[in-house]
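Shared chain: chain A. Partners: chain B in the first complex, chain C in the second.
Up next is the complex of A and B:
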């Protein structure tokens, strides 16, 4: 049971991180490789501010979310939008976006690495105090409760928004055919920047919550999480938000299990192996549709 | 010259090993296969050679050959499995492969030395050997860039359906490129490890993928010359400008991002474009009226030299 609870907490952080990535990838077609760097940098910004001013939890989370959203929107505007404008075909645009993202990601990571001298950072100066609840033999902190509520709540809200709202419809239309969508009055550029801002905000939220949950974060966390998020999205199927939710909890469950049987050093192989197996057995993922691309 | 070389031997060596690694990733890219498996093969080759050399008393060159072959074979098997995936999916699957290599190396117990890696595998390799091996690899790659074979590769990259319709066995080419990439990556790993005497799992990570990619993107992805330019820039920049060494990662990040936006075919593509423009302008200026028709004339120039060059400059968008 304790494992189940840990899975839920871990999975919720994974979920918040992967949701933003999946949203951007499945609608505006951008796989943002800087997502992990944004995650780390926004948590670091909150840490930086908290060094000088003692702050409550919501303020730190707000800082992290805002930094993440700004950084992500800027990346979209200054890098990805320019690449899309300048490339001729879909495939080359995809690769250049990937490479551009890798380049952009190196910058905030290098800044954090220098500022912290590669040491993990945390919110030691925050006014937030973690409390432990005991309930029927289960140990649970108030942090993990917040994490689970935020993760599941936002995932459900985002899924519903994408399904039912007008903007959600426009966004999905871009995902199917961006040219036709823009003829139907969807402003692709604005939508894309908005989507990336939401994605970055979610990364910032995930970052701040991760630091509250684990007390510290290392610089390399972002890259690992990026690959894991890719595994989750692929497992669930690109374009399906329910798939991301499933993917996040399956991966978290598998990793918790690996830790429980004391094979901790193999934990990274789970997500990599998962990517492999899914791509081989069912490339479109569990809930995904086969991609149709007309040339 | 000799004095210059002796004072810079280490950097020259780093340039050559970086170039080898970059070539192993550039080759599949030239065929439109977005594979980072070369970095994993670097690990396989390096570990195999180091283990054979330190634990089984195999000589330097047999260890290098076996490491290279094993990496090639494993990469070919990987290719058999995943060559049908496309674009990003293939890229991420190969990143996963690379990282699995690192995880296996970390968990290899006494054989791979765990997280601290293998030490003391100093083989009898010097810079001349590396240079000769590099020349051999580049010669092979240069052959694959020209003439009939070069055009075949270009068509497999640009339009696989068209290539298949022309009777080119696309899937066989894509599978074989995994073999070639694995061999070059394995060679790079084996040689680098026996030169530097150590290999650790921490080296075979995402950072190495980024580094190899940076080399290719800066130099240009269409030819080995591009990788050479990139490798020279990447390894010499920190030694020439001391402030670069301090801010290395940030500057590389900026360079890669800027190159991805403005310079998709790298320095080489830029140079080729300039040369092409200069040549066509020089030829077409005398008969043409001075102002308006110059650009037009360069477009439909009848004797456009070297078809694969003009193809390379038009497909600037590939990377």
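Up next is the complex of A and C:
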């Protein structure tokens, strides 16, 4: 049971990180490799403020979310939109967007690196205090509870919103055929920037909660999670938010199990090996559809 | 013979370029002249090539500050003679091996550069070590604990390998009767893998400690809940924690949250306040370092005061290593009476054979590799306290 609880917590952190990336990729077709940098920079921004003013958890999360949303929206507007305008079609733009994202990521990471001299940063000055609860032999912190509720809650809400709302329908239409969607009255540029803002906000939320949960973050943390997020999305099936949820918990479960049998150095090999095997059997991912559709 | 048209111009241009290239090849290369042999030059030019940005920037920046302070003192004291000045030109390798390699090559080709302070990153250092060795340019490395760095007569290291003074941590556990030990270590970080898998088991046997369990993790492991809960359940007397800085903050927090109340012993990576983010969960953490600002020797106290005056904060071990390395170089020039590359190399070896007292204590050498006794410090939750010197 304790392992299940650990999996839920770890999976929720992974899920919060991957949701933003999955949202942008599944709908507007932007595979944002600056997502990890936005995640780190947002958390760092909250850390920076907290060094001067002792703040409660909600305020620090809000700062992180706002910085993440702003940074992500600006990246879309100033970088990716310009790449898309200069490309003949979306397919030809994909590689450029990917490289553009890597290039953009270097800037916030360089700032954080310079400011921290690569030392870990956290919210030691926050007024928030973690409490440990013990119930029938199970141990859990209030932070873990918050992370699980946030991760699962937001994932479910996002999935329902994409399926049931007009904006969600518009986003899914862009994912299928952006030109036709434009003809039907969907403003692609505005929706793209809005989607990236939401994705960035989710990165900021993930960053702040990760810092509260793990107590510290390093400059390289975002890059380490980026590859895992990519794997989660592919495992779950591109275009399926439910797939991302499953992918996150499958990966977290595999890692928790491997740690539980003291095979710590084999975590990546086994986790990604399992994903590889699943993709051999089902290349479109667990919930992905065989036809080439983004939603 | 006149070659008509575009082809003719192209041929002439190619011939001209080839001629320039041949002239350049003849003019440079080989062993760059190191200036006159014998005697100490008025301006002894040094090159510092290390990370001041990137994952190990804390080591490069720290070493740089220590070296700058040492140079000031050496010049103020006229240690090498009246009007003799050391100058250090620094280049940031920015965590890039190829940058380190090209900057070292550039330094070697500059006849004005008499010695190099090499990269702090082990991978970069191991890449440039054969280059400087072949070019016969004396190079002192700080940190750079990998194999393949100190490889010959021209490569030197001013940081003692962590395993060489980890004995004081094992002795501490033994003296305290904390003999049932768990080891949690980053197996993909070479220094920690070496200590976790080879050196600490040897030390444990020597000091009567039992390694009850051993947990290996990767450098990208971020969550330690599983290990923390197992450690708490097994409740060993002590945990030897060999993790990089962000990992150690999380591991300490999660072990504490899991209910573990035993002693944790870590490494010098946890120094310089790197566990501050763990707050109360890090209180009581003990770790061996090669230098602590709490040391009580006269040299150490003066160094700390001078550093605070210059930089407004206490020095870390990287600053102490840089400081002692620069003094090693200055002593080398004085010993040989020669600030050329050969003179510095001979002087460094001579000083190493004799040893000297630095801010890190009595410094001895195994070949060209420094050795220190080490210092054990305790983190009380907000600052370091000396446990043993």
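Details
Here, the second predicted complex is superposed on the first by the 278 of 295 C-alpha atoms of A that agree within 3 Å, B and C clash if a C-alpha of one lies under 4 Å from a C-alpha of the other, contacts with A are read in each partner's own complex, and residues count from 1 in each chain.
Convention: contacts are C-beta pairs under 8 Å (C-beta built on N, C-alpha and C of every residue); 3 or more make two chains touch, one makes a residue touch a chain.
Fair warning: this is a prediction, and the values are worked out from it, not measured in the lab.
Following the overlay on chain A, a clash is recorded for the pair chain B and chain C. Look at A:180: by the touch rule set out above, it reaches neither chain B nor chain C.
Of the two partner chains, neither chain B nor chain C is touched by A:167.
Contacts of A:10 after superposition on the shared chain: chain C is touched, whereas chain B is not. When the two complexes are overlaid on their common chain A, residue A:110 makes contact with chain B and with chain C alike. In the superposition on chain A, A:86 contacts chain B only, with no contact to chain C.
By the touch criterion defined above, A:262 reaches chain C but does not reach chain B. Two complexes overlaid on chain A leave one chain B stretch from 43-51, 115-123, 151-159 or 259-267 clashing with chain C, and it is 115-123. In the superposition on chain A, the residues of chain A contacted by chain B and by chain C overlap at 110, 113, 265, 268. Residues 2-3, 6, 9-10, 13, 110, 113-114, 117-122, 124, 130, 132, 139, 141, 210, 214-221, 224-225, 256, 259-260, 262, 264-265, 267-268 of chain A are the ones that touch chain C when the two sit in their complex.
Chain C makes touch with chain A in their complex at residues 53-58, 61, 187-188, 213, 215-218, 220-223, 225-227, 229-230, 244-246, 249-250, 252-253, 257-259, 272-274, 276-279, 281. Those residues of chain A lying in contact with chain B across their complex are 31, 79, 82-83, 86-89, 91-100, 102-107, 109-111, 113, 223, 227, 230-231, 234, 265-266, 268-269, 271-273, 275-276, 279-280, 283. If you check the complex, the residues on chain B that touch chain A are 32, 34, 81-82, 85, 87-89, 91-93, 95-97, 99-100, 103-104, 106-107, 205-206, 210, 213-214, 217, 247-250, 252-262, 264, 317-319.
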